[in-house]
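In the two complexes below, chain A is the common chain; its partner is chain B in one and chain C in the other.
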Partner chain A sequence: MRLKASSLEALYALLLLLPFLFTLGVFFLYAFLRAMVFSFTDYNLFDPPRWVGLANYLRLVQDPLFLTALKHSLAYSLIVTTLQTLLALLLALALNRPLRGVTFFRTLYYLPSVVSTAAASLLLLWLFQRTGVVNQGLSFLLGSLPFLALGFVLFALVQGLGVAWWRRRGRALPLLDPGLAWVSLALALLGVYVLVQVGWVRPWEVRVDIPWLTTRTTFLGLPYPLWAIILMNTYTTIPTFMVILLAGLKGIPKTLYEAAALDGASPWVVLTRITLPLLRPVLFLVVTLGLIGTLQLFDQVLFVGGAGGAPLESTITLAYYVYGNVFPPGASPRVGLASAAALVLAGLTLAVVLLQRRFGVGERGWS
Partner chain B sequence: MKRWLLLALTALGLAMAQTQVRISGWGGPDTAVVSGLLKEVVQRQLDRENIRVVYEPIEGDYTQWLFNALSAGTAPDLFYVDIFWAESLFATGRVAPLDAYFSREEVQAFLPNLVQAFTYRGRLYGIPKDFNTLALIYNKDLFDEAQVPYPHQQDTWDSLEGKLRQVQTRLKDVAGLCLVADFARFGAFAFATGWKPFDAQGHTVLDQNFRRAFEWYTGLVRRGAARFAQDLGEGWTGGCFGGEKAAVAIEGAWIAGFLRDKAPNLRYGTTFLPLDPMTKRRGNFVFTVSWSLNAASKNKEAAARVLKALTSPQAQQWVLERGLAIPSRKALAQNPYFQRPTKEAELNRVVFLGSTAQGGNVYPFSFRGLGGDWMRPINEALAAVITGQKSVDQALREAQAALDRLTGRR
Partner chain C sequence: MEKARRLWVRLAWAYGLLLAFGVFFVGPFAMGFLASLKANPLEWPFSFRFAQVSPKNWVAAWRLGLEGGGNPWLGGMVPGREVVLEVAYFSPEGQEPTLLAQISRRKPGAGMGAVFETPYAADHVRLEGPVRVEARPAQLGDREGMVYRYRLRLFYPGEGPVLERVPLDLEVPRGVVLVGASLDPTRLERRGRVASWDNVVPGLLGYVFHNYLRAFRETRSLETGESLFLRWTLNSFFLAALKVLTTLIFASMAGYALARMRFPGKHALFLFMLFSMMVPAQVTFISNYLVLKDGIFGLSRLFGVETLLNTYTGLVLSGLVGAGAVFLMKQFFESIPREVEEAALIDGATPLGILFRIVLPMSTPALGALAILTFQGTWNEFFWPLVVLTSPREIYTLPLGLLSFRNAYGQVGDWGLILAGGFLSMIPVLVLFALFQRYFVEGPSLGAVKE
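What follows is the complex of A and B.
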């Protein structure tokens, strides 16, 4: 019996897909079903699982630590995805211009993404120590406020006088004329230097002593350590998305920009009417990958909580909650509870991605 | 040709007659120690009994690996059990009781508080292989430079604090002690006051004794005798000590290996933790690890023999002489090794004696199967007060509430 060409093709496709289907079946489907079953039991890895119905899910809802983890995961995901997408887009737009040495800058801006999360977390710990760079920088900035204020006043004074003088002589200079501004800046700096030397102005004695990591203090509803992780993660993930967006920008036909230039379109119109609509499939990819990646934040929580000494309530996320319950230090595994939390995380990820697909950036470019 | 075949068959027959016993522990520096011990002591003893030991050290998270392996039925015959999670593991029934394999005399040869640590519901589930306690390690050069007398075993909290403050004042860039917000260190001082982690009902009460230790410990930074470890960029007191950022460390004998690598020429001395000025007692933790037997092992008899060989007097003498760990046999207290005039021998002697009456109120580093969940509220209270974010009252109130929820006190 001879197979039809289409059946043969399907058979080949199946054959080639087999390894992938096997791993998908074993490591995803089977694992997922097992987790689902365990989430309705009190399984502890050793005793046979005992059916407890929805008890694990009810316990989750009543566990303040889980609710904190849920809040942190959602807020973190929303903030980081927004920040990283916007900044990666800005960077990609900048690096897509025909500038001298743009290849060098593309390489330079890509570098942060090759740093491992462990190394990045270590850097974060150094930066945010009480005697670290962030506190020292803030101390320096606040201590220098008298100089900055004086410099600003002198600059405004000199610039104002200069503009007035020129206007009286009949030249209509704008208030912030660049040529004059350089002269005013130089004179203002000189003035500050002289007044400092004379001793009329002194730096303030400011010592910023904020414990950024070992604290439960919050800013805009989120704890400081989580903000530190947000900053760090945004910084290290921007480059990867920048490269993806850059590839998308390269795919937009140049003729469209040329036509827009002939019609005299402003840069804003070009961005909103040509670049962004044609970049939508790539933006969809970036936002979706961003949401999935951020909802699964784990490594930094481990490092900042361990070596950084941050309290668990300040950094915990859903992924860490799951891990912490499967392997609680010094206690018996709570696999049932962890499975329930893992399923909540999976469901949440799916829901967020579907919602963003429905109300956020769509994947179709020309719709 | 025939002769070769015969030899090969004999070798195969011998190999098949041998009983294999798989053993596992954590990797890292332990790998060299156990391999050496097997090669030079244990395997020689076992060769006569036709037992072959297969050693599988585990790099990475050992606890996760062991729990998984025991659950999946692939765990080795013998494995390490740390006192911190021993109770949770013994409660699963996957570890075999050892009472049938060890006589009363054999068990009595080990330090009683270590044996007690691995006794669960009246049955013995592990033979302690070695242990550690906390000691006070001081940098002689820094104390000399600051012209402050060395800490000694009659020091109380107050006299030690005075010395630390003098060092910190005179040397400016050196902390007296670098303080960690960790019950694994602070707990020893709380024990000195007579406070116990659990009362008869299994509840934790942060009473006046606990509060006294807590106020003294957290106040060290404010009073200029210590600095917070995280502020010095370190996570443990040994890190500060090795980098000469602090004059004193509170650690166990594990610090010796670290200092050997990090600061081989550092002149240090060791003494006991200071005494509570009110009770005139000190406190300490016992950190210990046992060899335990897999309940599902097919070679329990052979594994028990391997266990005996691994903890035999010869094996422990071998480990002790290399300065690798503090063995768990009572008889080794009189060992000449401890009297050697070296800094490491002194450290090991003080750590060994820390588990005896000289250690004062000594408790195992174990919290009724609650583990890290139990320590977390206390650690957070320590951090909040040391960094000045909360008052002692507020921090202790919150810690007590969290512990009450955990232990079901309310």
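What follows is the complex of A and C.
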């Protein structure tokens, strides 16, 4: 009787799970196993696959394009994950206080993460054109260096005089007293404005003309177009991770901070001794999600590399290498090679997860 | 006193920082949007003051659209109407300059838009003028001279087609400068000697959002002539709605089984599901492509369909329910107290009855979040549709459409159109975000940081 009830339950479970099992079985398990088999064969989608053993993997190691793609993927992944984790952490720390209207700002910051990679890529392309806003912004920044330098000097002057004046009146202000700094900043800006109006300082004539996209030139070993993608993607992914970190920060017990305040701990000590250690699990999660996400970079390669865009070798990633070998323009598909590269990509991803399991905390979800 | 000072200072720093971050995160989008209104988004230096943001031009565009076609929003010109445009030129010489005005024969744009035959306004609309209405001495900079004001009358006699655009070119001798016009020209060419209007009867939307209208009007199917961009948008809506539906149903079913029922291999299935969420789509797409190509092991042939490539059936079947969605529902169901279901179980309800009658009605928050996240995911999805949907272009979704946009117009540098397409594609997600931002913001952390 009992056995019947439990097998009935299993039957119901099977019924409920059927659509999911279909998707998981046909479009994941079968596909994954098939990719493994393909990686040991020579296959062009039309003729039957021919077993070649490890030849595809050997060909990969000798293919300069694959090595470029691997290098790009790894570098992109490491750089973007580092940047976005650090910046998201800074942002989360800044937002994690009881300020009025902080939810509004949080929503505002989330905006770049909502749009599609396609739309974001179009914006990226426009920003990084030769006469685009990035080059114009850099030109403007370099051109106004005299103003910036002047402003800095004026600020230091006013701040120094202010501090000295207060100290003579018996108030021991620190050199960078924030209250005085606002006043000094305002005065410095006013000073610069007046001097510009009088005509004492002029902007420099600078025209930054970096061809960000249509170039093979490299900077720190990576091509310019890839740097453009790095900048843009860091920008669009920060908010997502900021939100996860914020949720983590909310989970740290308030009592710890109260105790630290009683002991008179400095903000730096609170950050390094309380916040970061307790945030470690969430930080690991963020790093893992970041690495997994960045390893799959694909859409931007296609958008940036389109007609009149970046040359393929400057932007190619592992994911694009796989796609490009299955649907090569004007050649027959190299499915075996593509599958082998895909498994390298999967291996990298799994290695990241295993590392997280090893050093991070165990049973937590991915979503 | 000292305490209050410190508080204010800290608040000032905190809000200053928040504002700076705000500028950083919204700035590029705001600049891009402004640029998408311009005739030349790559103008150097970038200016925040241009014709499309001037209220004077809004009023003029409204009036001209109303006079020309009876449509103050989208403009156009119909037979029997006439419009009047005034321009003012500064001339440093002592004599009146000669103005050459003509309704030009120009194609509306490059790329796909250039292929279609549209009626030329030059064949139907007559131009009268320029007639001088005023001349007065004036000074421009440190130059003495005269300002001449002219009136141009455009009228459309007899019968004929409705014209979407009436372009106009005005050429003046060297040294003569345009100082005013009832509607600012779209662009100045040949060192300011030629002022050219893409449309003198634009209507308010047609003037301010001319690139957006072009995205709809110029991107048309070569066979049927219908607007491709509109079609892609509808496709995306249709597909997203379908995906939301299947995901809601099947994810709650599977999530419920995993959360509440006992069956052999449950833990293994759960682990396998997590594993499947980590493997990149590029690993599995080759086999999935082949599976769809022969109609899921030939099963689709039973319904008379040879292949599921280039069909929405294939796209939906291959993504009936994502592992992430199942995971989210499982986590939610586990948070519901068991007692609710046990009472129903004693009353003799079946598991299916419990799920659909009791648990799901209690789950609207989770279902809402899942619906919105699925919609966003499907709306933005790029890789898998790119593999499955290749031809004809009518079946593309919006992201694929944007790629073909980028390839068609990127080379000719028509960035107004590309940016407009990008921003149009963002609208539905942005509206959803404005309405349900809580779900978006909590989405990534749902289940991720659950103790």
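We adopt the following convention: the second predicted complex is superposed on the first by the 266 of 367 C-alpha atoms of A that agree within 3 Å, B and C clash if a C-alpha of one lies under 4 Å from a C-alpha of the other, contacts with A are read in each partner's own complex, and residues count from 1 in each chain.
What we mean here is this: a contact is a pair of C-beta atoms (placed from the backbone, for glycine too) under 8 Å apart; a residue touches a chain by one contact, two chains touch by 3 or more.
These figures come from a predicted structure and were not determined experimentally.
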Touching partner for A:V353 - first (chain B), second (chain C), both, neither: second
Touched partner set for A:W165, first chain B, second chain C, both or neither: neither
Partner chain(s) touched by A:W51 [first = chain B, second = chain C, both, neither]: neither
Per-residue contact with chain A, leading partner among chain C and chain B: C
Contacts of A:F152 with chain B and chain C, given as first, second, both or neither: neither
Chain B versus chain C as contact partner of A:W204, first or second or both or neither: neither
First (chain B), second (chain C), both or neither touched by A:A13: second
Chain B versus chain C as contact partner of A:Y193, first or second or both or neither: neither
Touched partner set for A:T23, first chain B, second chain C, both or neither: second
Chain B and chain C contact sites that coincide on chain A, given as residue numbers: 45, 125-126, 129, 131, 306-309, 327
Chain A contact footprint on chain C (complex, rising order): 5-6, 8-15, 17-18, 21-22, 25-26, 28-29, 31-32, 35, 41-46, 246, 249-251, 253-254, 256-258, 261-264, 266, 269, 272-274, 276-291, 296, 318-324, 326-328, 331, 350-352, 355, 376, 379-380, 382-383, 386-387, 398-399, 402-403, 405-408, 410-411, 415, 418-419, 421-423, 425-426, 429-430, 433, 437, 440-442, 444-451
Touch list for chain A against partner chain B, complex: 44-47, 125-126, 129-131, 211, 213-217, 306-309, 311-313, 327-333
Interface residues, chain B side, partner chain A - complex: 61, 63-64, 67-68, 70-71, 84-85, 88, 91-94, 181, 228, 230-233, 235, 366-367, 369-374, 376, 380, 383-384, 387, 389
Chain C-touching residues of chain A, taken from the complex the two chains share: 6, 9-10, 12-17, 19-20, 22-24, 26-32, 34-35, 38, 45, 91, 94-95, 97, 99, 102, 105-112, 114-119, 121-123, 125-127, 129, 131-133, 136, 140, 178-179, 182, 235, 239-240, 243-244, 246-248, 251, 282, 285, 289, 292, 295-296, 298-299, 302-303, 306-309, 318-319, 322-323, 326-327, 335, 338-339, 342-343, 345-346, 349-350, 353, 364-367
